[in-house]
């Protein structure tokens, strides 16, 4: 028979040739895709899960995406081994968490981190160790200000500019004021955000107050805004502060001021807590508004997270996008997936578009990263969030 | 004394060296980083050990001082001030001191709890200020530069352990000085400390300032370790947590602080290794700390106590039974015997009146304390004897009358100033800090430089235990003798002895009587003896004054006074004949 | 200036009431209770969670107050059982440790991420003064502080139990020996204090951040008010608390001071203490 003429030597040679070819000895010819040691790609996230905040939805959404990818066979056979660490908003814990991931577990990249202080505490460490972080929720300014971190969300600083921009162009408000809570290191970022808006709109901020206390009674500040004649006031408060501010405005019977908030205000709970209010409340979103159930841009995200049994909130949109982007980047790597190769891939990447955001995501080799610069504005009407801008409000990069 | 200090210093240095070598040799860099954090936490804990452990003041803002140190180091690094990290850390510590002084100053003369609340308020206010401040270098993404000597994680770990050891050695040496004894004494009894001539507010302030310095150094070390800082590292909850740990482990001992540092860093690490939620650590901490605090003594105190028991079991010291000791060579040349002739009064009390609301405790009391003589002051309970001593030594704020010593008025002087001027006293209830050694106590009470020889002589003369024994291990009766020894060592003009023979056996009080009688000639001091033991009074005093209901009812030579009708009636309530009949 | 001063009145009422609770606890059972506000937060959130489950508001309030009182009595029991003879430092350390645990537990149960809806016990405006709407809640909290102080003072001075309580606070050992039921009285003190703090926080929490941690940190201004009362005088504490609230309102106007504004109330307290300590005397006990 013809088969029996196959000599062992020839078979051996064919096998060796195939293996050599598969091993990518001649990379110019081989388009092999990512490979991994022990069949796993190690990825990590440092998030604030317990303590004063709970951002666990972000890395959990990323995990859901990774699990679904693993169930489909992983990336070229490589499964993603994802570790979520909790820093309970404690700097010591954050440092140890980062070191555990980078030194002990040897992760190749960080994805889906959502923490109050991971960037501030660890960005330098990440830079020194040559590992990058696709931040799922960037909160502190170091996330937008370091070479080793590029968040997928817009962030409070760009978002402040964008919301003010919307207020001055679409709401046609002249006297715009801003009251910010300043915590460590954010003063310059917020001030710059205001300056950027002034450059874009050609107007001047009517009143800028950087002295709001982290907690306390907000009545004096509401009254200050009223007495200064503000037509619209921007706050950077998080959820509980948002509710407290609007309730204080109610209690003081303020009329004729538009209250502008950032992304933390855009939740179902805030809508429920403020369902009876007559005050005009706006919020800027960082993603395609999640309360818009009919929006086609949210389809993939909804499907993925519903399948995983995860809640459908703005947080999970961030986790979903960061994981999706990582998978796409990983797929583009040829050869072993190591920390160095992932870092290189992120530096060399082309911008990736995603229906959840208005601007494409990009890492690149720069010293700062704030690639997400689009928002949609929602308004609270009868206890429900109403999308005011069907098209993205995209903020151009500041000149100079 | 010197050898004991050397031994302690050597122990600290050696343990630090051994521990550091073991850790560096055996563990990977992840664990070395953790141990660095533990060492830094240990430094901060030692700072709390000074103010809370030794001096007994509650300070809830130590991390704020650390924050000042850290901020200073970051600033110095950003502006590339010459000197490198080593100098910057010291400057950081010094920067925290004025803040410590400013916070501590207003509350020093008030009850301790006021200081606790002031520090709490300061920590909260500082929190708000620091949270709104950008750490130098934060926006420029610049980090605190380390000199190349301590560039690597391993070298920095060794540096932090060295810093911890240096602080421990410094504090150990300090604890053997008068200032160190002052801190322990203040904790136990502020009155007694003032009676030694020590300014209590000054002592408290020095403790507070030094603790701020050490905390600032801890903050600087943290800045060097992390390179970048967040205000949350120094917030109110951190200060509170670190205070509880310090109380739990007894941070005034170096081993306690080291243990506390390890606890702070490794409990969260343990939780992480077992993938348990991190806030479980806080709950465990609450339960564990409450449990540990309910034990009564801190962990390091328990540790030291068991070490002492071990040492004693191995080498039992001979029981200290005061046999009739050879009387040491007279310390001053004996002068003329106690003939109460025309002598200038050492202390002169005229028209002393003390009122507590409507109750008149002392009513126009006149008392002359002649020079180099023993004067008795007796009277039934409640007569006002202790009140008189309190008034003379400065523990009663408002009284009428004049007090003079050698012609100079004592009125208007604070208690510790009167003590320094030469009026000393002992206490009815002994107020000697149990953590002091006998020698340290005498040196504290003396207020002047006393030689080893002199201390040993005084102690032996008064049947007191040797100088290196701990006061905690001495019985109450002997402590009263120690109280007298301390007062005597100061060579004052006048000593007021408040019931020194209470709690003594017959033999002991007989011997004490002999000693008291010798005091004026041997030390040139006048003695006012308040006693209930009439025999003792008869044997020692050249004059006796009797008080009853705040008034002087008799005064003069002992025999005459003691057989005075009025005196007998005051004590017994009726004449003997009337009772017998 | 007047506007911002009055705006701080609501906060002032809270500080006054919490401060009086703190002084009451300190004077009666000699414990500096750092968990005072956290106990109130526990009672408040108990009410909130019950209300969310459908319990009608008045019943939820009553149960919340009872819960706060219970937690307070529990802590008091721990203090009395194991730390009755401990030093002031140890007692302070224990309440601080308990506070840390309480906050962690409270944050875990009440969830730090999404705000619960805090029902307003006294919604609406009371009156308008100098352009500021003084809410009913603010008025009630001030009135409550005054009422509690009056009640406590009258109780201590004119009732038998009050007399026994004063004896207990002066000399616990002697009180026990003369047959006063010290344990019962101690529990009573903690129960009352816990109930008062819970009610206080229930009234004002809707106006403040509904977060367990921030409500617990109200203990700081409460103690500042207590300090102004020299930890002895109830009326001075009430005045001090209201003054602190007004001061915070005024200070919020001083934009030029930026973040250092937070130090203004603290500096004023320091100044008052400096003035007060010129008449300091020796602590009777030591």
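All chains are identified by letter, namely A, B and C, in their written order; residue positions are counted from 1 within each chain.
Basically, a residue touches a chain if its C-beta (ideal position, glycine included) is under 8 Å from a C-beta of that chain, and two chains touch if they have at least 3 such contacts.
For clarity, every value in this text was computed on a predicted model and none was experimentally measured.
Relative to the whole-protein C-alpha centroid, the nearest chain centroid is that of C.
Greatest Cα centroid separation from chain A: this falls to B.
Here the CA centre of chain A is 40 Å from the CA centre of chain C. As a whole-number value, the distance joining the C-alpha centres of chain B and chain C reads 34 Å. Centroids of chain A and chain B (each the mean of its C-alpha atoms) stand 56 Å apart. Shared contact sites, meaning residues of chain A that touch two or more other chains, fall at 50-51, 182, 210-211, 213-214.
Chain contacts: chain C has residues 104, 107-108, 217, 258-259, 262 touching two or more partner chains. In chain B, the residues that reach two or more other chains under the touch definition are 128, 131-133, 279. Taken together, the chain C residues at the contact with chain B in this complex read 26, 32, 34, 78, 82-83, 86-90, 92-94, 96-105, 107-108, 217, 220, 223-224, 226-227, 230-231, 258-260, 262-263, 265-266, 269-271, 273-274, 276-277, 280-283, 286. Across the complex, chain C meets chain A through its residues 3-4, 7-8, 10-11, 104, 107-108, 111-115, 117, 125, 131-133, 135, 206-211, 213-214, 217, 245, 248-249, 252-253, 255, 258-259, 261-262. Taken in their complex, chain B has these residues touching chain A: 28-30, 33-34, 37, 128, 130-135, 138-139, 141, 143, 226-233, 265, 268-269, 272, 277-279. Within the complex formed with chain C, the residues of chain B that make contact are 52, 56-58, 60, 102-103, 105-114, 116-118, 120-122, 124-129, 131-133, 188-191, 236-237, 240-241, 243-244, 247-248, 279-280, 282-283, 285-287, 289-290, 293-294, 296, 395, 397, 415, 431. Of all the residues in chain A, the ones that touch chain B in their complex are 49-51, 85-93, 95-97, 99-100, 103-104, 116-117, 120-121, 123-125, 141-142, 145-147, 182-189, 210-211, 213-214, 367.
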